[in-house]
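Each of the two complexes below includes chain A, the first together with chain B, the second together with chain C.
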Partner chain A sequence: MNHMERAMAALTNEPVDHLPAYPIACGVNRNLLPGNVTYHEWCTNPKLFADAFVAGHKYYDFDFAIGLMDLSVMAGDLGAHVRMDEENTPFVDKHIIHSVEDYEKLEVPDIKKGRSGVILEGTKIFAEKLKGEVITAGFLEGPLLALTQTAGAERVFMDMFTNPSAVHAGLKTMTDYDAQMVEAFGKTGANGLCWDYLWANYSCLGDKEYHEFEGSDKYAAKLNRMTVENGMALCIHNCADMPHLDTQVKEFKPVIYSMAYYPLIPGSPSASEVIEKGYADNCLIGGNIDPQFFIRATPEKISKVTQDLCQEVKTALCKRGLNSRYCVASGCEVPPDIGTKKENIKAVVDTTKKYGVVKC
Partner chain B sequence: MTKDALLARLADAVISGKPDLAKEGAHEVLKNGVSPMAAINEGLVKGMSVVGDRYAAHEVYLPQVLMSAHTMYAGLDILLPAIPKEEVADKKKVIIGVVEGDVHDIGKNIVKTMMTAGGFEVLDMGRDVPISTFIESSEKEKVDVVAMSTLMTPTMDGMKEVIDGLKESGYRSKVQVIIGGPPTSPTFAKEIGADHRDANAQDSVANLKGVFK
Partner chain C sequence: MKVSQIAGFLGSGKTSALMKIASRLVEQGNRIAIIVNDVGEISIDSRFVEANGLEAKEISGGCICCQIAGSFAETLAKLHDSFNPNIVIVEPSGVAIPWGLKRAAEYSEVKADMIVEHAPVITLVDASRIDMLLKAVRRLVETQIREADVCFVNKVDVATPQGIATTEEFIRSINERAEIAHMSTTTGEGIDLACEVIVNRISPRYDDSMEEERLRSQYGKKGGN
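And then the complex of A and B:
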């Protein structure tokens, strides 16, 4: 099977030659480009952004390409100060919400400018270059994530309790911003759009709070619908320890759900638990290799981890009567750190090819 | 109002996340001659423990926990200065912060709150804390515990640099070093020479109470 055949089969629960593989390697792919491209250069230049995804696909033989940049894109374009070191993931170090009134002052920026423009243009380039070879998707921060990045998570969480109407005012602007981005992503040619809705986490919010501040039809549900209306498959990434699987998989109905696993946290769902509980019945689940292994493990160690995950997944899929519907991936982005080992990314893909054959 | 009623009022203020009620309650206990230490332990901390237990049981979530923590500190700001010095002398001292290069401090703040509620004196260095600040302040403040947190992979090595610096300064043998944050693990803690990797705030306090019992 080629990449498209394998991915399409896995998405529709048809038999596959082996499980698809996609360690979420994004910024780290810049290391495959000539000329020692820094993270700063990669995340501010649409051509370099795109070329890295193409290079990653060619070098590692990935089955998907999902255009994650980092989680400070929207906040930065809204005016928050982003600390942009040469080689590290940028992050917001100065928020712009300092009072309840400030939520009302947020305005949707010009999405053609700033890093919103870079990610849109870059996605268009790599979606075109990889068209027909792999499934491609854009990547976008959900409204609550974008707001917490802009205002600071602690501030937003306390304001949910004391000034919920102010938080809703901020979320409305974020949703308007996201809506414009969805329409623009719809014109890039990407097959899907992957949302980061990471606050759907029982370590942070309950069902009631999540529904009120992101899950409802005012916010995420509306954006999910817009994603499909703009011709893209709905995908969700959530690297939380205790994700809201019923809401995000069963209610939102994404075609791909990418998730992490925290073995030391009681209640964090493993791959087999997720499959056994039916979350892969109608959705391709991606997960869940610890991103730290890409830096700190040896290739032998990460190969063993991947082999064990393949075995766990195959056993669970067969028990559930499924043919595929699991993609061997990292639980969150492969660290774009210069210390990340290329051979470890390669080892995950190669081990999946060897041990990801599902025969029930 | 009886002493018990005054303390219950403080606990209720924390449980319901009402800082103004905690401030009023704190002034009231002092006016009525109740020991500030009792007001902290049997009022504010008791309330925060209830919230901590409810959080662990997923009955309440971060917004409520953060408001309760904010409420507890509002009461502590009034009660702590009123405690006679000799009463705080035997409290174990913790220095806590997010290591240099990272500003994600929500987890650190929850741990700080639970440590305070657990009876530790916590010196919060904030976020993006330089390596040298951890090392120099540990010795200067004669702390018993160095607690470091990070969310971001590239800053993890800063934790090792702090431990190495503590070794060089000769202070490492006098402190417990604990680390936390999503990218860390017990294996990583062992690799860099930390004493413990905390899975969560409750685990952090339980570990330290075990160490210092």
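And then the complex of A and C:
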């Protein structure tokens, strides 16, 4: 099977030659480009952004390409100050919400400018270059994540209780911003759009609060619908320790759901639990190798971890009567650090090819 | 280098406690650095930092555990190389997961020639407004308590006896193994104990705990062959 055949089969629960593999390697792929491209250059230059995904696909033999940049793109374009070191993931170091009134002052920026423009243009380039070779997707921060990046998470969580109308005002602007981005991503040629709805996490919000502040038809549900209406498959990434699986998988109905696993946190769902509880019945689940293994483990160690994950997944798929519907991936982005070992990324893909053959 | 976490939700008194504790630890001859994640309403005063011979860094924009783990590790490694503290006190965001922060701290070992060890995780719970916190951010407070080694019932000088009792009962219902103590940065109660916890006690490394969990799930037992 080629990449497209394998990915399409896994998406539709058809038999696969082996499980698909996609360690979420994004910024780290810049190390494959000529000329020692820095993180700063990669995340501000659409051509370099795109070329890195193409190079990553060719070098590692990935089955997907998802255009994650970082989680400060929207906040930065809204006016928050983003600290951008040469080789680190950029992050907001100065929020722009300092009072309840400030939520009302947020305005959707010009999405053709700033790093919103970079990610849109870069996604268009790599979607064109990888067309027909792998499934491609853009990546976008959900409204609540974008608001917490802009205002500070603790503030937003307190304001949800003390000043909910202000938070809703902020979320409306974020949703309008996201809506413009969805329409623009729809024109890039990407096959899908991957949402980061980070706060669908029982460690932070219950079902009622999550529904009020993101899950409802005013916000995420509306944006999910728009994603499909704009010709893209709905994908969701959530690296929470205790994700809202019923809402995000059963209610939102994404075709791909990417998730992490925290073995030391009671209640964090393992791959086999997710499959056994039916979440892979209608959705391709991606997960769940610890991202820090890519820096700190040896290739032998990460191969063993991958082999164990393949075995766990295959057993659970067979028990559930499924043929595929699992992609071996990292639980969150492979650290874009210069210390990340290429051979570890390669080891995950190669081990999946060898041990990801599903025979029930 | 020892990494100490002082967790607690916005307004729990983390920053004031951290400054008192850091100041006391410096008096005891320690070399202290501070990292603040997702700064709240009160920042660490630069005059305080200078007067106490500390080094302070702010890192923001998300949770240390995940989105900015790389930047956090880089900050720790740079602190080691430039200032060489024996203790780094981290004031994590109220939404950070203590295990995730431990993992991110150990990640810095690939960036500098050092071994990270962890002080017990300290969580502060504001007894003066426990009822409001339980209504507003109950899940976040529960998560911080669940992963704490020592919980300090904070602001006991202004909290009512009922508020203190409710806070202790709540902590016990979430985390039976956590040690519970009282703190007031106004009277100084609990500051010496917090320093003793940070200097003399150790909390398990993420790596070791993961390996133990792997063996447990594979062989149904802890550690061993």
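One rule holds for everything that comes next: the second predicted complex is superposed on the first by the 360 of 360 C-alpha atoms of A that agree within 3 Å, B and C clash if a C-alpha of one lies under 4 Å from a C-alpha of the other, contacts with A are read in each partner's own complex, and residues count from 1 in each chain.
FYI, contacts are C-beta pairs under 8 Å (C-beta built on N, C-alpha and C of every residue); 3 or more make two chains touch, one makes a residue touch a chain.
None of the values given here were measured: they were computed from a predicted structure.
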{"item": "Joint occupancy of chain A by chain B and chain C, clash or fit", "value": "clash"}
{"item": "Partner chain(s) touched by A:Q149 [first = chain B, second = chain C, both, neither]", "value": "second"}
{"item": "Which superposed partner A:L71 touches (first chain B, second chain C, both, neither)", "value": "second"}
{"item": "First, second, both or neither for A:E41, with chain B first and chain C second", "value": "neither"}
{"item": "First (chain B), second (chain C), both or neither touched by A:D281", "value": "neither"}
{"item": "Which of chain B and chain C A:D337 touches, first, second, both or neither", "value": "both"}
{"item": "Partner contacting more residues of chain A (chain B vs chain C)", "value": "C"}
{"item": "Touching partner for A:F91 - first (chain B), second (chain C), both, neither", "value": "both"}
{"item": "Chain A positions touched by chain B in one structure and by chain C in the second", "value": "83, 85, 88-89, 91-93, 153-154, 157-158, 160-162, 202-206, 241, 262, 264-265, 290, 292, 295-296, 335, 337"}
{"item": "Chain A residues within the chain C interface of the complex", "value": "70-72, 75, 80, 82-83, 85, 88-89, 91-95, 149, 152-155, 157-158, 160-162, 202-206, 239, 241, 262-265, 290, 292, 295-296, 332, 335-337, 339"}
{"item": "Chain A partner contacts - residues on chain C that touch it in the complex", "value": "9-11, 38-40, 58-63, 66-71, 73-74, 93-95, 97, 99-100, 103-104, 106-107, 109-111, 132, 135-137, 139-140, 143, 147, 206, 209-210, 213-214, 217"}
{"item": "Complex contacts: residues of chain A adjacent to chain B", "value": "83, 85, 87-89, 91-93, 153-154, 157-158, 160-162, 202-206, 209, 241, 262, 264-265, 290-292, 295-296, 335, 337"}
{"item": "Contact footprint of chain A on chain B as seen in their complex", "value": "17, 58, 60-64, 66-67, 70, 101-106, 109, 128, 152-154, 182-183, 185-186, 188, 199-200"}
